[in-house]
Amino acid sequence: MRHLHEQALVSLHDADVRFGHTHALRGVTLTLYRGERLMLVGANGSGKTTLLRVLHGLLAPARSSSRQAQALQPEDRLPRAAMVFQRPFLLNLSVRFNVTLGLWLQGMPAAERAARCQAALQRVGLASLATQRARALSGGQQQRLALARAWALQPDILFLDEPTASLDPSAKREVEALIESFADQGVTLVMSTHNLGQAKRLGTRVAYLEAGELVAEREVTDFFSNPDLPERAQQFLKGELPWHT
Amino acid sequence: MAYLKPGSTLRHGIAGAALLLAAAAVMGAGGAWAQASATSFIVMASTTSTEQSGLFKHLLPAFKAATGIDVRVVAVGTGQALATARRGDADIVFVHDGAAEQKFVAEGFATQRRDVMYNDFLLVGPKADPAGAKGNHIATALKKLSATTQPIISRGDKSGTHAAELRLWKDAGIEIAKARPAGYKECGCGMGPALNIGSSLNGYVLTDRGTWLNFKNRGDLVVLVQGDRSLFNQYGVMVVNPKVHPHVKADGAQSFADWVVSPAGQQAIDRFKIGGEQLFFANANQR
Amino acid sequence: MNDVTLSLQQAAALVLGADPALLRVVQLSLQVSGTACVLGATLGLLLGAALAVARFPGQALLVGLLNTLLALPSVVVGLVVYLLLSRAGPLGSLGILFTPAAMVVAQSILVVPLVAALSRRLVLTAQADGGDQLQSLGAGRFTTAVLLLLHERFAVLTVLLTAFGRAIAEVGAVMIVGGNIEGVTRVMTTSIALETSKGDLPLALALGLVLLGVVALLNLLIGLLQWRGGAGAQAHVAIA
């Protein structure tokens, strides 16, 4: 069910991606709506990461497919996007530099950069570590830094590729809380995860991928309780959640 | 989704800056170093054997004191020295191969050749002298050598020494090109390296006195033949013709040519000694 | 063994006595090779970075050519540069033949392929780790390459040191384009060649030891820098 006031931000039609012999995405048709929290679930190698990259614009789908971005209303500009990866790649420089880099690449003047950087670091609780070497931070801190880096760009869409998969439980909670707070402020989320509990907690919509195919896509409550799901999706849920009936 | 992409500006900026830096460095280095000599200088093409004898260390300061001109010596084989001058990369030539020098003048690369001095060649070989070359006449020595299988080291590098060596063999009735002795070896190298090889193989080498006196790696080698007139080695000086190479520093070069045949230059040559022995004999106005 | 002992003594005497001719020769070696390294490395890093990130037809061919040039004999470079800079050649009017400037040019040419090939490898490896994420931040291909070089700056330093080693140790190119003119273009390597050809082997060996010493000192300095830079990484094994 689509609410009438939701805007379409990115539409994918029949997206196809191959890496050599591997058929990573097979004809995926999907539309991303403003304000939603789309969770991508599926086994390893199912195409979640590829789909994220295509939606983000890092990867171009085959010519037979189409990917379209639409202007935001009422802002009347194309949506800005940022992405957070499972293992963040941080440059071997200071925490602050890693955040300002993205801003500098956008051509922002120095004063504004500094202000945004400070705000972003405070938001994720890393302001006191601004001058530390980014690579010296713990896993959880590094992921928070990645979030700060993304947040500083004031994105309209935040793509996340299994952002908490490599973290210990307390870091997981911290990062999840941050992601949720971003979403609460109106950022559209697209997140892939292995953790179905996480998908249930954070998502508004769930898409299940298997071997590059978009098998099922439902509102979150529907996904987890509806017996109408395609057989394969049901099998997946059963495998991941043994107590699901 | 459109991102602002100043990435290309960055790329162009860095590339531009780097190219500017590189260009500036090259020009700066070139300019600074080319002008590093506030004093005027000329480039002289001469031979390795002459430089290694130590003559220039003795002679050139005297010239500088007299005229204020620095002489930068590029020391290579005679063939290469003349080639360098033909290309206009030297202002003056100072070598010891009469025939090649006449050709140089005939081709117009110099207007004149002047005698300056001579030194002499020696035949060195193992103390035991298995070929029985020791004596007063080089032609006899070479004939004896050619009949044996003893190692004979030749420079084989188209140098003045090499040319002289081939002439001596010819005068002894042996055409190296057609019938070389059993032990004849060409190294395509300078006098010092040839002596190095001779020393390690315990063979016979025709060398100039200057290099021999400075050579420290003699092993078992001693002088076997010296004093034969045909072993004398004449040096000549030629200024590169400015009509052919207008950029040549003809005035400075002519200064040297004039000075080295003048009494002052000739005396400086005669005064140069190694271990009390005179090496070069000034003969500018004798022939 | 006698020659070696003699050389060690001679080397010590030269260094301790601060022999002015030796100092001049060492200084010129460092100046020429240092400048060549800076120039060659600048061009080499840009070229290597560009080749790592660019996509154009014939790229594989260019990379193959680069790898071939790695094995360029220094004497061949010297000959080519000589022909270019000779008065009879196209760049003769620059008048830099037989001056240190020509030596810098020749050594820079030797250094560029080395730095380009090694830095290309560096960037490719680093790009596999983080190319995507930098691209996601909005970095263009070439910007990504430069950022990755900055990121891997200690490895780049090792590359530069290798390049410097190549430059300061070569003799073929500088001999031909410099002319080994005493007090003007004579460097450590050409001095060694000269003394060897004069048969003064102990002195040649002594100079060789001095050359080794200079390079070892530089290696030590760079090693210290790297150790300080890398020490940070090992020191923080914190858990959040």
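Letters are used for the chains, namely A, B and C, taken in the order the chains are written, and counting of residues starts over at 1 for each.
Quick note on the criterion: contacts are C-beta pairs under 8 Å (C-beta built on N, C-alpha and C of every residue); 3 or more make two chains touch, one makes a residue touch a chain.
Note that the coordinates shown come from a computational prediction; the quantities given were computed from them, not determined experimentally.
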Message: Report the chain whose CA-based centre is farthest from the CA-based centre of subunit B.
response: A
Query: Which chains are joined by the largest number of contacting C-beta pairs?
result: B-C
- line: Whole-angstrom distance, CA centroid of subunit A to CA centroid of subunit B, is 76
Chain centre separation in whole Å, for subunit C relative to subunit A (CA means): 46
- prompt: Just curious, how far off is subunit C from subunit B if you go by their C-alpha centres, in Å?
  reply: 31
Field: Multi-partner residues of subunit B (each touching 2 or more other chains)
entry: 3-4, 7, 10
Query: What are the residues of subunit A that contact at least two other chains?
result: 56, 105-106
Statement: Touching two or more other chains in subunit C are residues 138-139, 143
- line: Residue positions on subunit C within touch of subunit A in the complex are 129-130, 132-139, 143, 147, 150-153, 232-233, 235-236, 238-240
- prompt: Inside the complex, what are the residues of subunit C that reach subunit B?
  reply: 35, 38-39, 42-43, 46, 86-89, 92-101, 104-105, 138-143, 146, 179-182, 184, 194, 196-201
Query: In the complex formed with subunit C, which residues of subunit A make contact?
result: 53, 56, 58, 82-83, 85, 88-89, 91-93, 101-102, 105-106, 133, 135-141, 149, 153, 168, 170-171
- request: Using the touch rule from the top, collect the residues of subunit B that touch subunit C in their complex.
  value: 3-5, 7-8, 10-11, 14-15, 18, 21-22, 25-26, 29-30, 33-34, 37, 43, 48, 52, 57, 72-76, 86-89, 189-193, 195-196, 199, 211, 214-218, 245, 247
